[in-house]
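Shared chain: chain A. Partners: chain B in the first complex, chain C in the second.
Our next item is the complex of A and B:
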């Protein structure tokens, strides 16, 4: 808290002290501990030496002294064919190329393959906030931006989760992630949003954030369609404390791909300093290493933008700018970027908007990762920067700025219909497998609810036992499809089956994949690769007339001609 | 031009054409072939050998589709690797080629090797044993290489059990 224990004599200061912006702490840089956006006392000077195709020195460290992270980056990230060329270039020149519309995205992607962590930081810190956003606008992988949501419940209520996932898809989210209030309920939360998410139409990618091994198992069982909560860190000590190494994570990544499951890694500024071992390195420098590990491991994308450590990153000077710079570096690495904007860090509406809207305007592969698709009290990712109570603000701002932020207006009638159908579908599946009964009263409540407070109480103990039992019995996604068909939900079954077929084709494994309501896979390949080259190029909402029409026609819009009568 | 030379040239061309059509795709796939489901559906089969056109909801209703039929085939991962390479993403392609090897490895074994690769879990001998097993049992040479490399790094950085 700002102004802790301080009292003011003037009314003006008293009023200001009470404002939401002062319910967050602001810290002076502490570079020795790594509590600094991009000026760590031990941030090394950029350097590279290559002998016989092997990196023998990187950022002032000789190969013999590499820790496991340095070695992984040197061997798996650095493209030896371009490293010497780009490392000899002036950082300011590279920074200018990023914002120069005459330099195509492909050229920046090529050069970025040879940058070391320190050189990356040296380049992007030459850019001011506007230039960072220009860079993201050009460097984003997928031509069309998208948006991800959190679909969670404070009581892990399966009916509410199914109904909310259905509404979230209707509103335009391309991905939904759930997590748990209590860990053993995870398989139920996963199948609730899996089924709910396919209710309005095909295409919602869903995942359940849980411990790595169980998350993989849920994917292999066909209970999720992507995975994201696979964390990487920027120092060796913190990586090991997180119980992994770049090699274990690279193996895990191959495991996911071997089952056709889309995967991105997760990282974010501040995790190392939060875990106490930043080694005097700045947050941006360490985050850059995470981005490079992700690329080196052959993973198509990364969720970053500080994520669960944004309270720390945003307490220091240039915190938000630095977090946006990490999104830019991710895009320069030609990775799909789910660009944070997720965890709440300040109750100040102005501040959370200032943190978010530059990215909405620039557009990223997933602007939020995620946007709270439920009210904040139901958000089990420790609250969201934007949530279900901000839907209308967000929709109006898209309309104001002519920006596709990923959401579309919906009517109450449509919403009631999909919420009810999703709730009935999960009710039927529970009945089929003998899970604890979902009553008609619960279906009705979920249809009209805002959050878990509007739901009748349910025994979580019984649900947990049934969820564990489901895993023991080896029930798969295909069994869910069969149950849906049997109980008259063939449309949802068909959509779910389409999602499973995408795993057979492997199309979702390519960079930045989403599935449209028409079952079209869009990723950063061919004509869906971002081709922004200045005015008149790239994705332009006004040229996407169907979406622009939808975004304009918010339900509260009035036709002024009606005033004439 | 000598008629014999022309004949041998034509024969050479024909042989190449025949080989290409026998291979199904001929040269490596590119962005033009993506998404496979839309552009090259005939190339795709499930791990169990079912064609994409056999994977239907009707088939599910008749009980003709098993969960195994919904698994990706190693050849498909090779196609996706070629597409990733053509898109200038060699590390992504490398991941798909490791994945291609792991299609043959059961779920439990992947989970178990992953857990063993975590820091301070395994001795060097154990890690080398997993690598050998992957190589010998599943012909997973690139995955084995990754594990052998991890064993070296863990030894150097004191992360073995």
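Our next item is the complex of A and C:
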């Protein structure tokens, strides 16, 4: 609460104090502790020294004094062939090149390979909010933006999850992320959205955020197609608290890559100061190190934009701008960027919009990571910035601005059809493997439900036992495909099989991969690499006539020709 | 030691009685930074009394910080936890953990020092955990992560449950109030308080026994 329990003498102050904007707290910068957007007392000055192809000094620290993060960045991020050239350039000049439409994206990507963490911060903090968005518009990796959702259930209900994943795909989401209310149910949540997500058509990438070893196993078993919750941090102390190093995270990443599973890391402003160990360094400086660790580890992408520490970053001056700057740095590193906008940080509709719409307009690889595909009471990621009750606002704003924010209007009839079919598919799979019965009543409820409150009660204890049993028996994604075929869901089975094939061919390992409804993998290579060079170039919704037509035709639109009067 | 504890419990009960009888205006005027003394008694040793529950307080508790994030005075929070432990016939010992501000580790160190093997970790912002000495620091018997929702009666219940574990019972967990919307509201203040606490951390410092005294 901004004013805690303070009461006011004047009615206007009292009215203002009770507005949603004051249900968040605001902090003055505390640079000594790193509770500041980009002005930590111990943020170093940019520098680099290279001898015999080895970085011997970076940002004022000699190699002998590097911590493990400095060493990882110096050895695996910094491109020694360009570092001296770009570090000698004026930061203002680099900042201007970012927004200059005459300087192509690949030139910025080349130069960014030689920037140190401090130099990155020095460059991007010279950009104002509009310029940051111009930078993101140009530097985004994939030509077409996309959007990810959270598909979760407060009761971990498999039927509801399957139906919601189907609806989420129908609405245009390219990735769906689930997690759990109770941990041991994870394998069921994973297969519920896996199957539901392939129901309207092929292509929804799905993941289940859970403890790292189980998450990897789910991927290797074919129960997920991507992973995201592999966290990296900007100070050694916070990294070590999680018993991790940049090397251990890189090793985990290699595990995913070995099976063709798409992976991005996760980081975001505020995590270090939240743990009390920012060491007097600003949120943006430390986040920049996380971005560089990700690139150094050879991972294709990163989820950032403060993520679960959003409430902290947004409490200090320039918080939103600084978080957008971290998205820009990610794009400059030629990484796929899932740009946050995910965790709720304020109940103020105006602040939610102000934090989000610049990124919708600029377009990122995944504008949300994710958008709440269910109502917030079902959101097991601690509540989303935008949720299922904001779908229509979002659709109308896309239409207002001629912007492809990733969603398309759907009709109630289409939605009922895919929800019902997904619910029946998961019902059949449960029957095939002898899992706890999914009744016709549950299928019916899931078809028409808004959230878990509309679902009949179900024994989570029995589902947990069956989920554990499924893991013990070694059931894989291929077994699910066979079960779907056996029970007359050949179309969903075929779609699921296509997703498996994409993993085998390694197509999902390319930067920013998504799969279209036509089973085409779009990633930031060839003609799908962002080629924005100013007006008339890059992705333009009006030139994507099919999508623009869909975005315009919201179901509540009145046709003046046929309007009854 | 035992006598001392009982004596204090008696004083506490008396104080509580007086507090209950005191007029509201005077309680509002109490300076809670002064109504509790926590005196250092030297390095903490492993206890031998199987009824002993150790309350591990984080580095700044009742020292440079005096209120939880919900603005509950540390003196009252500590009193309630101790009262809960004693209600179950167990004995409370307070130990200050200085080497970490992480509630899981504070609780785990406390558990390892307790004669019963049960410890409570208590951060200045009010985040609390019940730990068993053989659990890894990131697991726990009960965790109360959302300090803004923990009230004085709940702190008492936490003390009671810790004592029940110490006696070998398997109590129903204290109901955790979960309201995800409080997270963003309190996150900035939580970070402020946690950084204040972490400022008091001394690397590898030993755990210290603390003698507690409540003065009103």
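Structural remarks
Basically, the second predicted complex is superposed on the first by the 562 of 565 C-alpha atoms of A that agree within 3 Å, B and C clash if a C-alpha of one lies under 4 Å from a C-alpha of the other, contacts with A are read in each partner's own complex, and residues count from 1 in each chain.
As a working rule, contacts are C-beta pairs under 8 Å (C-beta built on N, C-alpha and C of every residue); 3 or more make two chains touch, one makes a residue touch a chain.
Predicted model, so just to flag it, every value in this text is computed and none were measured.
Once chain A of one complex is fitted onto chain A of the other, the partner contacts of A:26 are limited to chain C, with no touch recorded for chain B. Once the two complexes are overlaid on the shared chain, A:1 sits against chain C while remaining clear of chain B.
Shared-chain residue A:207: touches no atom of chain B or chain C. Contacts of A:178 after superposition: neither chain B nor chain C is touched. Looking at the superposed arrangement, the partner reaching more residues of chain A, out of chain B and chain C, is B. Within the superposed three-chain model, A:478 lies in touch with chain B and out of touch with chain C [touch as defined at top].
Once the two complexes are laid over each other on the shared chain, residue contacts for A:255 go to chain B alone; chain C is not touched. Within the superposed three-chain model, A:404 lies out of touch with both chain B and chain C [touch as defined at top]. For the contact definition in use here, the chain B contact set and the chain C contact set of chain A share no residue. Interface residues of chain C facing chain A in the complex, by the touch rule stated above, are 71, 101-102, 180-181, 183-192, 194-195, 197-199, 201. Residues of chain B that touch chain A in their complex: 31-32, 34-38, 44, 46, 52, 55, 57, 60-61, 65-67, 70-73, 76-77, 79-80, 83-84, 87-89, 91-96, 98-103, 105, 107, 110-111, 113-115, 117-120, 143, 146-147, 149-150, 153-154, 157, 159. Chain A contributes residues 1, 4, 23-27, 30, 33, 35, 241, 270, 273-277, 309-312, 315-316, 343-347, 379, 382-383 to its touches with chain C in the complex.
Considering their complex, residues 67-68, 71, 76-77, 106, 109-110, 212-213, 216-217, 220, 222, 236, 239-240, 243-245, 247-248, 250-260, 295-300, 334, 476-479, 481-482, 485, 490, 493-494, 497, 500-507, 509-511, 520-521, 523-526, 529 of chain A touch chain B.
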